[in-house]
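The following blocks contain the structures, represented as structure tokens.
You will see two complexes here that share subunit A, one where it goes with subunit B and one where it goes with subunit C.
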Partner chain A sequence: MENILEIKNLSKSYGNFKLDNIGFNIEKGYIMGFIGPNGAGKTTTIKLIMNLIKRNSGEIKVFGLDNINHEKEIKSRIGFVYDESNYYENLSVKDNAKLIADFYEKWSWTEFDRYINIFGLDKKQKIKELSKGMKTKFSLATALSHEAELLLMDEPTSGLDPVSRQEIINILQEYIEDGNKSVLFSTHIISDIEKMADYVTFINKGKIVFSEEKLKIEDEYRIVKGGLDILESISEEDFIQIKRNKYGFSGLTKDYHKFQNIYGSNIVVDKPNIEEIMLYMVGEKYE
Partner chain B sequence: MKIVISNSSKQPIYEQITYQIKEEIIKGLLTENTVLPSIRNLAKELGVSVITTKRAYEELEREGYIHTIPGKGTFVASQNIDDIKDKKNKMIEEDLIRIIEECKVFKISRDELIEMINILYE
Partner chain C sequence: MNKAVKRNLYIMIKNYFFNIVFLILSVPLWGITSNNIGGMTLTIPIMTYTSISIIEQYEELYNYDCILNSLPISRYDIVKSKFKSIFIIYLINTVLTLVTELGYSMLGVKEFIPANMYILGISLSFLLSMIYGAGAVFIICKFGYGKLKTFGIILMLIIMSTLSIPLYILHNGNYILQASAIIIILGAAVYFILQKYTIKIYYEKEF
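For the complex of A and B:
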């Protein structure tokens, strides 16, 4: 297995925030969703990969190369889509693209025009006249027009309507189809993860909670639900978190077999989706 | 080949894919040496993640329905008649297990179930 991105022991602190010794890899040919609450460290991690901010310690390798020593080469092979895009607001889509094209040896106008068509963008329109969603699409079109092998996207689908989100999902699936490219995208929209992510990395308070194949995560965890009488006889240590109400409890756990054996049909064992797992994991214990 | 994915089904998507391909092989709609789409192409077409179709193919390969030749592709494996009968029985068994479990939940007795089957079988 060849990794397109490798992050090891990466740390960065400023103010009260600390990205704490994180690490994860992305295998060639797959899409990784990057999730976590606001302020968890997603954007910081992405900026560190792009060397837009300086790391305190650790290692980042892109295409097997150190991201600082080989910054120029790496950046020419990355497509970068982020929230606060810097374009010349008074220039047209086409003129902005011309300025971007100059940076890339492998720029293809044929590809660019193809994406502009798919996204329904007007080349003559000025950037300032574009909606947020249109700007994201323009940004994605430029990111995909220079044969990038890794797409880094910070919340690409956040300002988009469901139809546009689906268009982007389709394009990303087409993008990785040849098995040679990878995508890392951060998002709050869990349905995007459920639809297209092969791997999910979950970051909370500057630490990686898990970085794993999506199907394995879904296989591993269960939500056990039952009456309060059962809650009295179980060890809460076996749960990642338990939520209770007047009529019963529900708890996230990996050891659901144990409870199934003891309580049988007196409990309900549900398969959680990624969003539910995340909600249980970010909440404080015993809320 | 026909594959229809239900998003509201309790059955995971990879299992739906496995099940439907198995069904087509057992019914003889997909015959020996038929080329199957690559996991990546199938994922794109169905709009599911690559890891999902990968898991489905791994399962089919493990159970001897398909085989992959590196660099060439994935093919329907040869199925002998006894195998097919076994596999059919196994699929029906799996379905029956699900039904029996449901019956237990709804407190339907073995005799009641057998009676239902007798009536429906006619």
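For the complex of A and C:
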């Protein structure tokens, strides 16, 4: 399979924060959910891909090209959706789109109008009059109107109501249908990832914890629950994280077969969802 | 790059009303207080500075550099477009000011000024526009929009207190055209030097 995005040994330091030697790939035709707590390094990674900030070391290839040496070509093939509105608030939706459209050779006003209609936006309305959700939809409409092959979205669904989030998810699923486009979607709303991502990359404290197919991740891990008597006889090293309470314990592990063989029906083995995996991995309450 | 220039001019036009009002009022007012090209020499750079600072203020206010740098345009072209815009804005303001000056003179509101003095006025306004316009872009790029106000005020005080010196020296001299040529060369030097350093700074910026 052809990679649309390849990141290798990428590092960036900012004051106390360090993006530490990270790497992951996105194949053509897939949506990758980029998850992690606030301040984990999601926005920094996306900004590095867009060359908005300078990397200390490492390599980023988009469409097989170095993202700095072929910046202009790469950017003409990327659609970028920000986590905040950076548009001219006093100008209308149409005027803001005009300012952007000129830069893209493949810009299609027909496509833009189609998305504007789908999202229920009024072209004459000023950006400052739009809600956060509407601004994100405008941003998505511009990102989708120039035949972008890769969509980079930084927290597009944060602060949106469930209906708007579902609309965006539907649009993204339609977008990758032809198998030639990909999406990197950063969020801390795990339910969105569970609905649409094919791959999940989890970043925590500037390090990649895992980057794998979503189904494989869900298949790989189990939550094992048992009483205090069992807790005394197990080795904590077999677990990624154990949570204790006065009645017993629950822990995330990959070696659940081992526990099933030893303890049989005395333990409960549950299949975790991505959110639960992440909560155990972070080892603290995840917001 | 031209797409970025077009974008800058679009923002300028959307906010040009203040400049038009300033132009209509300032030219006859300068005509009342003096009958030389001092007014014109100040009007053009003030209008250029206002336009540039409005464009840059918009960029700063909405962090538009973030959008601009995600578009298929190089950082080099972004800075070049800013400087090309300064020159175009200067030209537009010069043409409008000359038309207004001549219009008021034809209406008898103010007296006609000799042609060579107009040339001196244009050259001085070019130098000041480049210091003000290119200086503004450089200051914003290096220190942010906040420092621009201080820069603008200090520069205005210096110019207001020193502008009469070249005008007085050259008023009755025979070297107006030669002096104008030197002033234009100085303006061009300021423009290109500031452009070079702004490109250097902009390349290192993070958004």
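Criterion: the second predicted complex is superposed on the first by the 283 of 287 C-alpha atoms of A that agree within 3 Å, B and C clash if a C-alpha of one lies under 4 Å from a C-alpha of the other, contacts with A are read in each partner's own complex, and residues count from 1 in each chain.
What we mean here is this: a contact is a pair of C-beta atoms (placed from the backbone, for glycine too) under 8 Å apart; a residue touches a chain by one contact, two chains touch by 3 or more.
All of these numbers come straight from a predicted model, not from anything done at the bench.
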{"item": "Subunit B versus subunit C as contact partner of A:A141, first or second or both or neither", "value": "neither"}
{"item": "First, second, both or neither for A:K214, with subunit B first and subunit C second", "value": "first"}
{"item": "Which of subunit B and subunit C A:M50 touches, first, second, both or neither", "value": "second"}
{"item": "Which superposed partner A:E89 touches (first subunit B, second subunit C, both, neither)", "value": "second"}
{"item": "First (subunit B), second (subunit C), both or neither touched by A:I169", "value": "first"}
{"item": "Comparing the two partners subunit B and subunit C, which touches a greater set of residues in subunit A", "value": "C"}
{"item": "Contacts of A:F80 with subunit B and subunit C, given as first, second, both or neither", "value": "second"}
{"item": "Touched partner set for A:L121, first subunit B, second subunit C, both or neither", "value": "neither"}
{"item": "Touched partner set for A:K72, first subunit B, second subunit C, both or neither", "value": "second"}
{"item": "Sites on subunit C touched by subunit A in the complex", "value": "3-4, 6-7, 10-11, 14, 58, 62-64, 66-67, 69-74, 204, 206-207"}
{"item": "Contacting residues of subunit B [partner subunit A, same complex]", "value": "12, 14, 40-41, 43-44, 47-52, 55, 105"}
{"item": "Subunit A residues touching subunit C - in the complex, by the definition given at the top", "value": "47, 50-54, 71-73, 75-76, 78, 80, 82, 85-89, 91, 95, 98-100, 102-104"}
{"item": "Residues of subunit A defined as touching subunit B within the complex", "value": "29-31, 169-170, 173-174, 176-179, 195-199, 213-215, 218, 265"}
